[in-house]
Amino acid sequence: MRIAVVNPNTSVDMTADIAASARAAASPGTEILPLTAAFGARAIDCTVESLISAVAVMDLLSTTAETFDAVVLAGYGEHGREGVQELVDVPVLDIAECSAHVAMMIGRRYGVVTTLQRSVAAIEDRLLLAGVAAHCSGVRATGLGTADLDSDPARTVAAVVEQARLAVERDGAEVVCLGCGGMAGLDTTVSEQVGVPVVDGVRAGVRIAEALVGMGLRTSKVGAYAPPAGNPMTAWPLSRHLARP
Amino acid sequence: MRIAVVNPNTSVDMTADIAASARAAASPGTEILPLTAAFGARAIDCTVESLISAVAVMDLLSTTAETFDAVVLAGYGEHGREGVQELVDVPVLDIAECSAHVAMMIGRRYGVVTTLQRSVAAIEDRLLLAGVAAHCSGVRATGLGTADLDSDPARTVAAVVEQARLAVERDGAEVVCLGCGGMAGLDTTVSEQVGVPVVDGVRAGVRIAEALVGMGLRTSKVGAYAPPAGNPMTAWPLSRHLARP
Amino acid sequence: MRIAVVNPNTSVDMTADIAASARAAASPGTEILPLTAAFGARAIDCTVESLISAVAVMDLLSTTAETFDAVVLAGYGEHGREGVQELVDVPVLDIAECSAHVAMMIGRRYGVVTTLQRSVAAIEDRLLLAGVAAHCSGVRATGLGTADLDSDPARTVAAVVEQARLAVERDGAEVVCLGCGGMAGLDTTVSEQVGVPVVDGVRAGVRIAEALVGMGLRTSKVGAYAPPAGNPMTAWPLSRHLARP
Amino acid sequence: MRIAVVNPNTSVDMTADIAASARAAASPGTEILPLTAAFGARAIDCTVESLISAVAVMDLLSTTAETFDAVVLAGYGEHGREGVQELVDVPVLDIAECSAHVAMMIGRRYGVVTTLQRSVAAIEDRLLLAGVAAHCSGVRATGLGTADLDSDPARTVAAVVEQARLAVERDGAEVVCLGCGGMAGLDTTVSEQVGVPVVDGVRAGVRIAEALVGMGLRTSKVGAYAPPAGNPMTAWPLSRHLARP
Amino acid sequence: MRIAVVNPNTSVDMTADIAASARAAASPGTEILPLTAAFGARAIDCTVESLISAVAVMDLLSTTAETFDAVVLAGYGEHGREGVQELVDVPVLDIAECSAHVAMMIGRRYGVVTTLQRSVAAIEDRLLLAGVAAHCSGVRATGLGTADLDSDPARTVAAVVEQARLAVERDGAEVVCLGCGGMAGLDTTVSEQVGVPVVDGVRAGVRIAEALVGMGLRTSKVGAYAPPAGNPMTAWPLSRHLARP
Amino acid sequence: MRIAVVNPNTSVDMTADIAASARAAASPGTEILPLTAAFGARAIDCTVESLISAVAVMDLLSTTAETFDAVVLAGYGEHGREGVQELVDVPVLDIAECSAHVAMMIGRRYGVVTTLQRSVAAIEDRLLLAGVAAHCSGVRATGLGTADLDSDPARTVAAVVEQARLAVERDGAEVVCLGCGGMAGLDTTVSEQVGVPVVDGVRAGVRIAEALVGMGLRTSKVGAYAPPAGNPMTAWPLSRHLARP
């Protein structure tokens, strides 16, 4: 089985981290195909950057010669999952949504700990649209931007642990989701310090993708995720029209 | 990995069917441990039978000498998942809830096709409590009781296909969940005839259980699913006190 | 008129307290028939104990030779009301739900004060399923287990008053429901100290039962609460099969 | 015990009918005090008429020399309950809300059958504000205005039965509420023909009022229903300033 | 274009303030027709006063010889908008609802700052019925009654700023609505001090009324807002029957 | 005042139609600045096309030398409004959302009539995220794609009228919104034939934009719509990097 794990930003360093995390999470026999957005932002911390990333991801999946059995979208709260579901018919897992599904199966309420306060809205909107908001106890921000997470790992852990604890103590969370692809790998540490299960989105995405493929399930094509309408396009795929992509 | 798959009714024939379905669904290396309720109803079609089954399942899991890495509860819309989560700390998957989670990842709205009209309420309540009701397009009944499903397989398929089609055409379902453990194995046939992905709860439960175990996740114990309170009990476990169990 | 008031736990002392409270609440001419679960926990503080109690109550009502015009279920947040409604056709009042209905008629928002934090989830779930969650301002825990309530009455009153006050001042409750059958009789004291109406579930259950009987109403049997499905049962009623019940 | 039963319209004939229905419903020892709005519409079928009736009822209760232990507001979907709760501190029961509470205790979902299509919105709004909309399967109209109900009783019964049947068969209602004070007395007939319990609002209001008084409960005065603010008023009570009331 | 701006209370001083605010907000060519309730309360701080004001406003609009192209109801959280929509077919804007619509178009969540705590419920109910509650972050009270707002302007500004700041910092509001007609004119000051857009209801009502009239839109008459039912009325319009209005 | 009206697709013919409609709707003194997406689809009928259009619109507004006082986004159910709100601080009106706000002010429930069945989901999602779903009676599809609307105007009118009528008669809509920018100009015809007010999104967007600008309001910048995060970008703005844009 081969799972495309897509980093929606343009940072190849982050792609490498995500790929490592995905490989560590995968079952034996599962191959991870890491992909990186060819244009857009190096880190995604607002709607403008998120929407561009969605298009970059769709461009990537429209143009790649690679084949895969499932797609994991490694942006947390980013746009684009519905579009990718139109483009491919293998299962597509958004890590924010997938984390929520996993969390709901091991606890009554889950909280999310993310980066900046402004990302809270994007994640809330994604969970609402995915139909998994009812059991979310809240989304909390550490105040650290995506690009800051790596610069001082100890500070990052401390900030995530602090908000995870508040999620449990004040909001009633019983499980905590790490609300940024860049937090991959912190789950064990945070879980030990806070005393609740912690869900890493990339790990969840990979394992759930394996499960769906194992069940022989594909994205439904009878409704919202039917193949694209095929209206005439200008400059699409964009990557093929960029002077220097 | 060893997954306990629990039939909440007392029919060993149904346990055999469920076990076969679970084994067919499992990954290589996963062992299925089928378990059958020691008391209660031979098929479950009402709340009285459901509540007794919940206690029978808890009794079973409290008294078994077997070990396992996850539990799949193979009743659709039955009570008891929260109680089992108190008793064990491995992941516990209710097939009705698990089917809904899986369906939501491959389609925008899902429908459920179950047995009798009176079971609709029980399933609606379970989905509501599990926080996955928002994307349910509705629960439809075939009019066949659980015990009738096996008696005339062709009729059963026809009835499920008819309601599945209505779920898609009238209710807007993009995925259909088979709303009874006794419908295990019909997913391929129904999917082919209706043209949408169909989720078999036992298959979903087994594969998602594998995924959660693979991620190293366990049920959160800080809140609603902490170990039982331990008040003094009379005649518990019931199976140890029954004259002839 | 004769009202069965059922204590879902096995403590005959608590049954006596509940019966006294019910008799004090009843109109002249109403007879109270106190019943006690024959098996299960002596106090109910988790889902395992709650589900067993539901079955014990159903067993009791299936086997009793007594007749009655209504049933009051004196557990707060316990399972089983829907099952009992299948078994009998007289009105069945769960005290948690009944308290909420009464509270909503005398104030815009109501709060619940219960025993342990872990019981909050069970009560929230019950109110949600009963369709009365929209006006609940929250469920608060005193931190005292059901069995602790009687051991130090002054401490119990102080703890209930403290949480009731917070329900009013922080959560916006205008009425407070006593969230445990074991708090019966505290309503006047708490009301005087907090300055809002306080609803005692047993009193509410008895008086509302009288009202429903007086209107000639019975549980609807056309849908969810039709008589049990009648599938073949093993060891049911359990009480008849217990070696020493 | 003395219960004021207030007809919000000016028809003394309808007051007499309502009073008869209330007296038939009351327990021995309960006295019914019928009151009639002194100004406004002879029947209430729109928001303009409803709002005037609310003021007429408040005027009546501000000026009457009578005393009473509870108030039953016999308009279905009319405005004013919250205002009356400010004016008095005895329990105040709106029959639309009270019917819903009663219905929810004897069935999983309830439907309402009312007069004109345009009244559906008013009733939906009232149920939403009262926090009891979640279990309402829908409000259906017979097409007969309030004033038409008496003119041809057989036609009225047939129209109510038809819509009640649709509420059960199409909407999933298990209990039907008669959605107009003018339908008082039809409950037995409709119930027999449709096969589900039918709730008459005036009967429900009287019996529930007795229950609340019996519990010693009064309207909470700490929040929304505190006594009126007491700003200086012009021409209030209006009845005292009307040239010929 | 001529817009009737209706002060629901009887204070001609407040009418003058509202009219000045409306004129300052209006486009060139828009004429403001200020109207004052002929009976009822001089300031509106409870449901009794609100319901009387609704009837006074309907009376006024039923009896005035003036013509107008739209109506702005300048009470915040008062009753009556639906009734006025029955009476006239020009657009009718309630300032609480209109403020919410405007706020939702310029920010993701909005908060309301009103007068007394007891008015919070009335405003919450109005926003719920208008279908705009989902994005309301909360309604906060300054503790100042409507009649107190003018007595010490500096204190009023300070109190509104304090609550507006809490709405932003604690509740997540991105826009603040001034929740009382008597706060007209404070928007610029509060916005400068708090750093978020502030919506003045009268200004919003006038400008949105202009927009609707400019689009040629009128209130829909096919459903809830059809003309009044026309049942026979006693003493209506009340103003024509008052001994001295 | 100058309002940018942005056609999110690349069809300059459709831009001309939209501009004509916007100019007809605008007040005297309002200048309309029509803008057309430089890349992406010629008509937008799926999520892939919608997301690309969102980026094309953001690109356009990031690179234009024009100035404007407000932005109207003339795609119905398209992505991007939140991103544009980050980029500019003048008011930004999405026509789907704006139509809903306008409709809610002139009727109790509104319906939407759009193009293809697959667009229903996109519009539902947009209304849900905008907080205006509660009063939507449903979104109906004519079955005509965006590009088909112009090819046979009589067929288009007939199809829209048919669905509008069903929205009113079956779903309870009191107002109908034209759910596609390409339906601009049909409002009068449809309204006359169906008998309810009909809202044209472009007209609504322009007039509401004028109103917001007239009130001096701008998009709140303290939360979700703060300026973009400014992470380093590759190939942005895309239009500057396209070989031939």
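Residue numbering begins at 1 within each chain, and the chains themselves are lettered A, B, C, D, E and F in the order written.
What we mean here is this: a contact is a pair of C-beta atoms (placed from the backbone, for glycine too) under 8 Å apart; a residue touches a chain by one contact, two chains touch by 3 or more.
Keep in mind that what you see is a predicted model, and the values were worked out from it rather than measured.
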Exercise. What is the set of chains touching both chain B and chain F?
Worked result: A
Exercise. Matching A-B on over half of contact pairs, by residue number: which of D-E, E-F or A-F?
Worked result: E-F
Exercise. Over half shared or under half: which fits the residue numbers at the contact of copies chain D and chain E, same or different?
Worked result: same
Seminar exercise, completed: Between the Cα centroids of chain B and chain D the separation in whole angstrom comes to 45
Problem set entry | Separation of chain B from chain C, taking each centre as the mean of its C-alpha atoms, in whole Å | 29
Seminar exercise, completed: Between the Cα centroids of chain C and chain F the separation in whole angstrom comes to 53
Seminar exercise, completed: Multi-chain touching residues of chain E, meaning two or more other chains, are 108, 121, 223-224
For this session: With chains as vertices and touches as edges, which is it: line, ring, star, complete or other?
Result: ring
Problem set entry | Complex contact set, residues of chain F against chain A | 9-10, 38-52, 54-55, 58, 79-80, 82-83, 85-87, 116-118, 121-122, 125, 128-129, 145-147, 223-224, 226, 228-229, 231-236, 238, 241-245
Exercise. What residues on chain C touch chain D, complex-wise?
Worked result: 25, 27, 91, 93, 97-98, 101-102, 104-109, 130-135, 168, 172, 174-175, 195-197, 199-200, 203-204, 207-208, 210-212, 214-215, 217-220, 222-225
